[in-house]
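One chain, chain A, links the two complexes that follow: it is found with chain B in the first and with chain C in the second.
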Partner chain A sequence: MNALLWTLLDLLLAAMLLGLGWAAVATRDLKRGVALFIAFGLLLALAWARLRAPDLALAEAAIGAGLAGALLLAALRDEPRHEKPAAAHSRAGLWTLNLLSVLLAVVVAWALLCALEMGEGLRLAGAVTDHIGQSGVSNPVTAVLLNFRAYDTLLELAVILSAVLGVLALGPARRGYGLPGPVLGGLIRWLVPLLIVTAGYLLWVGAHAPGGAFQAGATLAAAAVLLRLGGVDRAGLPAAAVSRWLLAAGLLVFLGVGLSLAGLGYGFLQYPAGLAGGLILVIESAATLSIAVALALAYVGGWSRSGSTQPDSTQGGSH
Partner chain B sequence: MLPAEIIFGLTGVGLFTLGLRATLLHGSLLARILAINVCGAGVFLMFVSIAYQGAAAMPVPDPVPHALVLTGIVVAVSATALALALGRRLRESADE
Partner chain C sequence: MIDFIAIVLIVTGIGFFAVGSIGLLRLPDLHSRLHALTKADNLGLGLVTLGTALLAGSLATAIKLLLIWLLVLAASAASANLIARHALERGDER
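== the complex of A and B ==
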């Protein structure tokens, strides 16, 4: 009975995901599409929780649904038309595309079922469980991210940094927002301090429970998004010179720790026993700040035109 | 009973295909960016379904795919931000 109930819930969640995903990409009205996409992201967070991936559920709710939705909504505001142009495809072209899509779905589904059929196969889960005692943290996902596969995370911070440098190079900030009404203003005064405290908690708890630098950084960035919506053009970011250092801090600290350890003879990012927990916390703290500043700047869309966030006059308006 | 990894894995396949199809079909840049995000969510779902397989017998599901997908979610949002900024620049230069 219990198993049947779970299957029914799974099927319901899967049907809602497919329905919302389909509706989000199929609707002609872009604004509706973005709203549906945000709802899709929240349901996806539920799916992660169901698949026993709470770290992903937290990240999806904050980043996949929250920040990606906010980014798309902000982009929509600049868009002159919210209606997609009617598809100008020939019937034959459309049918070919549909046929190829179905074929692709069948092939990928077959590959996936074969992979599931194979059973356990080669798994790294055992290796993680065996060595987690030496990793300095007890949350296996944090252990993988910051210790066993620290290279990946280091390079990921570099990817985020270069994406944001691209955004910053492409132009000044988007138009700001007016002053909020009493309801939004009051909500912001309550929520922003709460979000900052939550970010600190997520950062700390990441060592032994779901959480960590990415979730904490996204929560801090959410506070910046709220401030910006409340009419604070700089979104609570410090002056440009300081923001730049914060943006690079995650990568610099990560590299600094790695190179110092290499210099001391431990090997690049091979933490010495006993120090691993502390070093991971230092790296994660810097990464949290960097991720928060990066995501906030990506939302703002560039350096603000007004105030001291603007580094120099050459950054000004478009030609 | 259908195991959860098969239900959500096949949902992932569906989302991947419909996202890819919409990416190819739409003319509007914003609609394409949205569609490619749905497509990516499908890939993540397939990957995590494989990690979940046999989780009932283990203390935790395989954490390595979880860490990789966590990385993927953050990279996806950075790439979305860059794509939107490129789109904005493209429209500004087209308007001139």
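== the complex of A and C ==
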């Protein structure tokens, strides 16, 4: 009975995901499309939770639905009209597109089938559980991201950094928002400190439970988005010179740790036993700040023009 | 007995959600729709969290659930205020 209920819930979830995905793409009104995309992201987070991947559920809710949604809304803000231009495809072009879509669907379905049928020998989960004792943390996701496959995470940080450099190259920030009314202002005043505490908790708890640098960074960035919406032009970011260093800190610390270990004869990012936990925490702390600054800068859209005219009492990062 | 009370609370809460959703779909203008949605949802979520807190088995989980309710309460009240104010300023009350 219970299993049947869960299956029904899962089927409903899958159907709603497909429906929302379709609706988000099909709607002519871009604002409506973004709203549907945010709802899609929240349901996707539920789907990850049902697949018992709480780390991914947290990341999807914070980054996929929350920050990506905020970014899309910010991008739409200065658009005069929120309508997709009518597609002007020829009949032949339309058929080619359809054919390519079907081909893509077949390839994706085939890849999924291969993954599902993969032999036990190729699965790495067993290897992770066997060696988690040496990783310095007890959360298998953090063990993989920051120890066994630390190289991947290092490169991910480099990707985020270069993406934000691209955003910064587009020029100064868009204009900010006006001062909020008392209700929103009050909410922001007590939500922002709460978000900062939550980010610290997520960073710390990542060693032994779902959490970690990406979730913590996204939570900090959410505080920045709130501040920006509440009329704080710089979104609580420190001065540009400091922000630049914070932006690069994750990659610099990660590389620094890796290279020092290599210099000491351990091999690049091969943590010595006993030090692994501490080193992972140092890297994750720096990565959290970098991710937060990167996401906040992407949301603001560049360096703020109003510079240092903000009163210090409203700077979120320095609470 | 606790199970029974919890189930009654959760079912009542779901009832409030249903009423709120019907109000969102059926009421004529923005302000009454907001009224129906936020009041019903806040009370509905409160009852559901109260029920799940009874079932949670540990005080820590129960407190976390109540904190979630308070956060949603604040966020939903603030967003209702924002939507209503925006509509009032623009004179757009559909």
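Assume the second predicted complex is superposed on the first by the 281 of 319 C-alpha atoms of A that agree within 3 Å, B and C clash if a C-alpha of one lies under 4 Å from a C-alpha of the other, contacts with A are read in each partner's own complex, and residues count from 1 in each chain.
In this text, a residue touches a chain if its C-beta (ideal position, glycine included) is under 8 Å from a C-beta of that chain, and two chains touch if they have at least 3 such contacts.
Note that the coordinates shown come from a computational prediction; the quantities given were computed from them, not determined experimentally.
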item	value
Joint occupancy of chain A by chain B and chain C, clash or fit	fit
Chain B versus chain C as contact partner of A:Ala125, first or second or both or neither	first
First, second, both or neither for A:Gly181, with chain B first and chain C second	second
Touching partner for A:Leu51 - first (chain B), second (chain C), both, neither	first
Chain B versus chain C as contact partner of A:Leu116, first or second or both or neither	first
Chain B versus chain C as contact partner of A:Gly256, first or second or both or neither	neither
First (chain B), second (chain C), both or neither touched by A:Pro172	neither
Residue contacts with chain A in the superposition, chain B compared against chain C	B
Touching partner for A:Ala14 - first (chain B), second (chain C), both, neither	first
Chain C versus chain B - closest C-alpha approach in the superposed model, Å	22
Chain C-contacting residues of chain A that also contact chain B	none
Chain B residues within the chain A interface of the complex	1-2, 4-22, 24-28, 30-31, 33-35, 37-38, 41-42, 44-46, 48-55, 58-64, 66-71, 73-82, 84-89, 91-92, 96
Interfacial residue positions of chain A with respect to chain B in the complex	3-4, 6-7, 10-11, 14, 17-18, 21-22, 24-26, 30, 33-34, 37, 40-41, 44, 47-48, 50-53, 55-56, 59-60, 63-64, 67-68, 71-72, 74-76, 78-79, 84-85, 87-89, 94, 97-98, 101-102, 104-105, 108-109, 112-113, 115-116, 119-120, 123-125, 128-129, 140-141, 143-145, 149, 152-153, 156, 159-160, 163-164, 166-167, 170-171, 174, 214, 218, 291, 294-295, 298-299, 301-302, 318-319
Interfacial residue positions of chain C with respect to chain A in the complex	74-75, 77-78, 81-82, 85
Chain A residues touching chain C - in the complex, by the definition given at the top	181, 183-184, 186-187, 190-191
